[in-house]
Amino acid sequence: MSDTVTVTIDGAQVKGRAGQTILQAAEAAGIYIPRLCAHNELSAHGSCRVCTVLVNGRPQAACTQPVADGMIIENNTEKLTNMRKAIVEMLFVEGNHFCMSCEKSGNCELQALAYRFGIAAPRYPYLFPKRDIDFSHPDIYIDRNRCVLCGRCVRASRETDKKVVFEFTGRGAHRRLGIDAAADLADTDAAVADKSVEVCPVGALMRKRVGYAVPVGQRKYDHKPIGSDIEAKRA
Amino acid sequence: MSKPKIATASLAGCFGCHMSILDIDERILQVAELVQFDKSPVDDIKKFTGRCLVGLVEGGCATEENVHVLEEFRKHCDILILLGDCATMGGIPAMRNMVPLKECLEEAYLNGPTVYNPGRVIPNDPELPLNLDRVYPCHEVVKIDYVLPGCPPSADTIFQTLVALLTGKPLDLPYELIKYD
Amino acid sequence: MSNTNKSTVKQICVRHGKDRTRMMDIVRDVQSALGCVSSEAMDAIAQACGTHRVEVESVVSFYSFLGTKPKGKVVIRLCHGVIDRMHGSETVAAFEKELGIRMGETTPDGLFSLEWTACIGMCDQAPAALINDQAVTYLSTDKVKRIVEMLRADPDPKRLVRTYGDGNNAHELVHSMVHNNIRRRGAVIFGAYERGSALRKALAMTPQEVIRAVKTASLRGRGGAGFPTGMKWDFTRAAQGEQRYVLCNADEGEPGTFKDRVLLTECAEQLIEGMTIAGYAIGAAEGILYLRAEYAYLKAFVEAVVAQRRKDGLLGASVCGKAGVIFDIRVQMGAGAYVCGEETALISSCEGLRGDPKTRPPFPASKGYLGCPTAVNNVETFCCVPPILEHGPGWFAQMGSSGSKGTKLLTVSGDCSMPGVYEVDFGITLRDVLKMVGSENAKAVQVGGPSGQMVGPEKFDRKVCYDHLATGGSVMVFGPERDVLAIAAQFLEFFMDEGCGYCTPCRVGNVLLKERLDRILAGQGAPTDMAYLQELGEVVKMGSRCGLGQTSPNPVLTTLASFRGEYERRCQPAHSRHVFLPGFDIRKALADSESIAGRHSVVYSE
């Protein structure tokens, strides 16, 4: 049995390996599928749903769905882009994202997705939830106003750091990022060099005393949309 | 035919977006050829002199006065454009939205660590407009036609938008010009 | 935490083998022993089981019957279902009055807590409540008064049961006032059942032949989704794995559904037999019956049925004396979470985790409980299996309609004269159902619970089957005076409370749908709101990760389709001298300020 599978993404033939996800196969072929919770160094989570594609007409998360020979995949269509925009807008109104005063601005993946999609303002009303900030740790802080519940830190803590600092608690709209202590991040074994801190796509889990280290104009997404690096690989 | 009119206002904003209008620099002359400024802090005209083609609104609605001005703009302007993040999502003033109004006032005038207020008075002159329960993004109050995000939107963004609008050309802002900071 | 409590927690952990995968049992036992799973208790559990505190907290904080703050000795959980609320506002007031507390509070003496809970599966005898594990039904102001008096005298809720319900509700291990209300008995579920007979027939066949019989009968899942049962068993049998498991989904949480409650009460033998046959067919040695916390009063009874069958050789080391056929069953209690009715969430819960659904693929048939091939089926599905083997697949397949063979249990509630359980052949029209249950003038019928569809009179001739009006059993009837939009809003509230929050579209989308629907109900609808709701609902439907999420916008999407007029009537353009959007209420926005400042707005006086 051959290890290679061939799928079609927006009409283009893409070769992938058995065991790859749609997201990985697309990326290897230089096709960017927008994503937020997915991270190349972590296991798939499938929670943000930004990477939703249509597989033979059915919606599937590209980050969790393995490629199979003959799949007809739709990615860059008006319908899907509108849905992805809607999801990004949902995340903006669900939390309190004050980009103008956030240290992550310019390097934030949520913001970068909104830029890529050309979102001027969300179509949904802002919910302005009351969320808390944990500033107890000497080197790291959590600002839950900015948390998008992507679970990257949860996975990185287990998979890379070999710790269990984070896990989700609560459910539904009350789901939140929990920590392995009664109250304070300072009481966990979280450390500043942890992968879990590095992988946060937004400004929710941040290193202290870094601030606005990179000047405006030189930040990651100031000039090129998120995903440009992947698209540059396309032959 | 007389030139179309443009009006601007700053609601609960910091005037940074107006600074950005001024940052158009000498290109303001090009704009002035296309339009005539009506009610605006730029020319200090306090009242609408007539119907305007474009209204530019900075800042969100934090008080009844902000709402009133916004309403006047909606009534007098054909096209209403939001300028900046405060107008669009409330911005820094909206950081109070998670706290009840009473607590906000008490923190600001009575309990805050840097407050000096021996009389312990929360300002309440009848001349002062009443605060709203929270800061509202403008597009949750009246119908808005266009939104230019940014803190502030850059002068280039404002200029290109105005020119496109006034000359009837399609607007295609490059990637660099849509920013939230 | 006192040392006594610490050692209680430790003992509980020891009793469950300090096994993290039995976390549900551990935290349930701690909750019942100490009244809550406090912060210190979570630390103690984590320490005893060699896990992390946050992992314990992630479980405790997920289930609504668990809590970190102490509750009263007697917890009164009033059913918050739509049907109960239709009849029940006086009941709430009566409880609040008699106890002197509001919903969500505990009496100062620590005796009573009063709270809402999602549908407890007693819609045919609403309003109803759970008092600890005991169900109290047909509540009225007088009854509430009596109940509180009795509890004050003796806080054991078991004493409240003066007259038993029918059938096994009167069994000493059930000891319940609940009624079965079986209104119509069909040939399959409520047909003649001879204990052990079908099992012996199955054991005389090869497992493959058993699966073939189930396939030939065209049995499909009775939980609502309708996946072919034989195919599921085939996949599970074919999958690689050291162990295989049979899971019975008795987490009946879809509002308006109460058939599993009746089946567990009256057909437990048939159910266990169906599970045993499934175990034989797929090659599983262990079965788990996941019982929702709301039906805890049935646990002892079901366990006794299991024990008796074990004693009689119908379960255990060599089932029916057949060497090498090993199968046994344990009951796993839930702790209050609708989403655990989703099969992968149910598996998570069985594994001692929070009830987040799992990523698919892999599907449970290949990697389910503890990573092993697992067949998860509904209570009613298992109950169909013995009759199929007893009478043959042909007998079964001749009933029902094409694509939907056999019979279906419908649980009917709401505005009708004979609420209860009906076993009907698939293919019956909704109109005939309504006639049967004594509903002359229904304005709307919710078929399939909140995740199903709201059907208007123009579609009453549609058939109840997988291809038209699919339902796991729930049929809620609404009379002419009911407000379908208000009902839809209550359904959305249900999904907001009961979703897991894992994926964005369901977690945020339902909050936003509810916000807009509430606005419309408050008379602040705009004509554009209908398109807004439609588009938002479609995003949630398309983008959500599991079946719950994908069906959660249905209350809005199906009422938009069937009751558009109701929306149009309320989404009129606003007439005002102001130019505000309909959703903006300047008077409301100024109310706080006016009261703080002690003066009225001059600009926006009225």
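In order of appearance the chains are A, B and C, and numbering begins at 1 in each one.
Here is the rule we use: a contact is a pair of C-beta atoms (placed from the backbone, for glycine too) under 8 Å apart; a residue touches a chain by one contact, two chains touch by 3 or more.
Only a predicted model underlies this, so the values are computations on that prediction, with no experimental measurement involved.
Engineer: Taking each chain's centre as the mean of its C-alpha atoms, give the chain farthest from subunit C.
Structural biologist: The most distant chain relative to subunit C turns out to be B.
Engineer: Quick check: more C-beta contact pairs at A-B or at A-C?
Structural biologist: Between A-B and A-C, the larger count of C-beta pairs in contact belongs to A-C.
Engineer: Take the average of all CA coordinates in subunit B, do the same for subunit C, and state the distance between these two points in whole angstrom.
Structural biologist: 50
Engineer: Can you compute the centre-to-centre distance for subunit A and subunit C, using the mean CA position of each chain? Integer Å is fine.
Structural biologist: 32
Engineer: Considering subunit B alone, which of its residues make contact with at least two other chains?
Structural biologist: 134, 140
Engineer: Subunit A: which residues touch two or more other chains?
Structural biologist: 125
Engineer: If a residue has to touch 2 or more other chains to count, which residues of subunit C qualify?
Structural biologist: 583
Engineer: So in the complex, the part of subunit C that touches subunit B is made up of which residues?
Structural biologist: Listed in rising order, the residues are 578-581, 583-584, 586, 588-594, 596-599, 601, 603-604.
Engineer: Using the touch rule from the top, collect the residues of subunit B that touch subunit C in their complex.
Structural biologist: 64-65, 67-68, 71, 74-75, 100-102, 105, 122, 124, 126, 129-134, 136, 140-143
Engineer: With touch defined as at the start, can you tell me which subunit A residues reach subunit C in the complex?
Structural biologist: The contact residues of subunit A facing subunit C are 44-50, 52, 59, 61, 64-66, 83, 86-87, 90-91, 93-94, 123-125, 127, 148-149, 164-175, 178-182.
Engineer: Which bits of subunit C are touching subunit A when the two form their complex?
Structural biologist: Checking each residue of subunit C against subunit A gives 39, 43, 52-55, 57-58, 61-62, 337, 339, 354-356, 359-361, 496-505, 507-512, 515, 532, 535-536, 539, 542-545, 583.
Engineer: Please name which positions on subunit B make contact with subunit A in the complex.
Structural biologist: Within the complex, subunit B contacts subunit A at residues 82, 85, 88-92, 94-95, 97-99, 134, 137, 139-140, 146-149, 151, 175-176, 178-181.
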